[in-house]
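Next up is a structure, given as structure tokens.
Chain lettering (A, B and C) follows the sequence in which the chains are written, and residue indices restart at 1 in each chain.
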Amino acid sequence: MQPLVESVFYWSDLFGTAVFAFSGVLVAGRLRMDGFGVIVLAAVTAIGGGTIRDLIIGAEQVFWTADTLYLWVILVTALLGQYIAQLPRRLPWYILPLADAFGLAIFTIIGTDKALSYGTSGMVAVVMGVITGVAGGMIRDVLAREVPMVLQREIYATACILGGVLYTCSLAIGITPLLATMLGMLGTFILRVAAIRWHLSLPAFSLNR
Amino acid sequence: MQPLVESVFYWSDLFGTAVFAFSGVLVAGRLRMDGFGVIVLAAVTAIGGGTIRDLIIGAEQVFWTADTLYLWVILVTALLGQYIAQLPRRLPWYILPLADAFGLAIFTIIGTDKALSYGTSGMVAVVMGVITGVAGGMIRDVLAREVPMVLQREIYATACILGGVLYTCSLAIGITPLLATMLGMLGTFILRVAAIRWHLSLPAFSLNR
Amino acid sequence: MQPLVESVFYWSDLFGTAVFAFSGVLVAGRLRMDGFGVIVLAAVTAIGGGTIRDLIIGAEQVFWTADTLYLWVILVTALLGQYIAQLPRRLPWYILPLADAFGLAIFTIIGTDKALSYGTSGMVAVVMGVITGVAGGMIRDVLAREVPMVLQREIYATACILGGVLYTCSLAIGITPLLATMLGMLGTFILRVAAIRWHLSLPAFSLNR
């Protein structure tokens, strides 16, 4: 990709990191955690998924150990986020879900793309995109002693799967990386926003025994 | 080992993967998870232990990223399993525990053997066998917000330890790999089945304070 | 460092391993776990943090797979610890917290130092020191189905941060490794002991919604 596109991508990733970190801050606040707990929940939400991905694909370095800016974004989000979350004047309710959907889209494509660059099959790459998108939130929920939201509610991970499949298939049929990225991100973003807007969810599987 | 033995071993491993995945499906059903949650619980149960093992011993590749068949087995089990679990006509009650004990035996020996092939000591190899056998189920239980069953109930992990020790010691005294595998698997399988049949358990350690 | 210092350091590390393992034994006892559960909780508390650190920094070997003595210390602690915990005559109450603070100090410096030796930035090294010190206890608490203590109560992880920052900065300004180690360990130890003695804690962040 061209330098400009690379740059937009990188800053979008940092933006997604901040949004995911902020969702960790909100959970920490509900559990009355201390400052360290806020940072930990922000960090696992924001970089937990990417860390697991990097370990499994055997990346040379876990991404945030090579580029400290991710940690700084988390730290600043954890500190500022505590005040922002308590402000009386609020943003419109849809801002945070939209930002989260955008973060989910970029995390998914970055994860899928990184796995492909390490030579995995398309199927494994899609799984890595999903892990990048949702595993951090799952660890956050486990630390907060909740059944991970993503396993029970609205379409969330499914949006990652759609985006990852769109991206991988687009590349496979020879579409340019930039267009494939657009398609993949749009797939994840639109399905996620639609799920929020119309409360779409997968049918629950229930064994009453 | 000869090609035929290798082949039997490989298909047994896939069978164990399906059985472990199905146990994840059952837990997901009790928690009313959606389709994605079913797949995640099936996957962590089936390949969680082997993944942790491969990361810790520093395997060149995590096994399921190199051979996509494991993911397909999990996906098919997660989809078919939801229907099988709801069928009115049931298999005899002992089929699933027997299949699970077989899966535990094969996972244990595969984990112990892989660790040894990476040059670990016998003790570390036994630990890796145990991790391969039980860690996936522990993650499943944590995601389901339960204290992992394996830490509290019936003899389960102890059967892995027995099998791993039998296998490692057999190799150490010069028994052929095939026979050592048989001994190790039988050790795990028989102790586990006996524990189910006669409700054997280790004494609980209780601090009432 | 000189051989004598190396040796003192190594045995201190094993002592910290035993103390952390014992804290796992106590939690297992409250949950009425069986013998295997006691060993697992002892092990994850004692070596869980160092394992995550070694995976993330990409150490050639996870430390306890290269030196089996750690596993033996855990095994012996898990077995003896069950009896010690039930003895009617008790040690003075402050012995265990002091030992734990010492273990925290040594784990923090070892983790920070190991990360630096793999070429990480100072900030990442401090994070690795914190992970080495507290991640094992967090896994223990998650397995015990509790919100990790370290996220909510008294100053604990903050003591790791202080020690890691002192150590890293000392090295950066040219202080000898031995003195930097002393400073770092003292920083962690004293802040932790002070937190216990005067019940110091960070303010909780609470969102009442």
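Basically, contacts are C-beta pairs under 8 Å (C-beta built on N, C-alpha and C of every residue); 3 or more make two chains touch, one makes a residue touch a chain.
The structure displayed is predicted, hence computed values, not measured ones.
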| item | value |
| --- | --- |
| Chains in simultaneous contact with subunit A and subunit C | B |
| Copies subunit A and subunit B - rotation angle from C-alpha fit, nearest 5 degrees | 120 |
| Residue-number overlap at the subunit B/subunit C interface, same or different (half cut) | different |
| Centre-of-Cα separation between subunit C and subunit B, whole angstrom | 30 |
| Sites on subunit B at which at least two other chains make contact | 55, 142, 145 |
| Subunit B to subunit A touching residues, read off their complex | 25-26, 28-38, 40-41, 51, 55, 60-62, 64-65, 68, 71-72, 82, 85-86, 142-145 |
| Interface residues, subunit C side, partner subunit A - complex | 55-58, 120-121, 123-124, 127, 138, 142, 145-148, 150-153, 156-158, 161, 201-207, 209 |
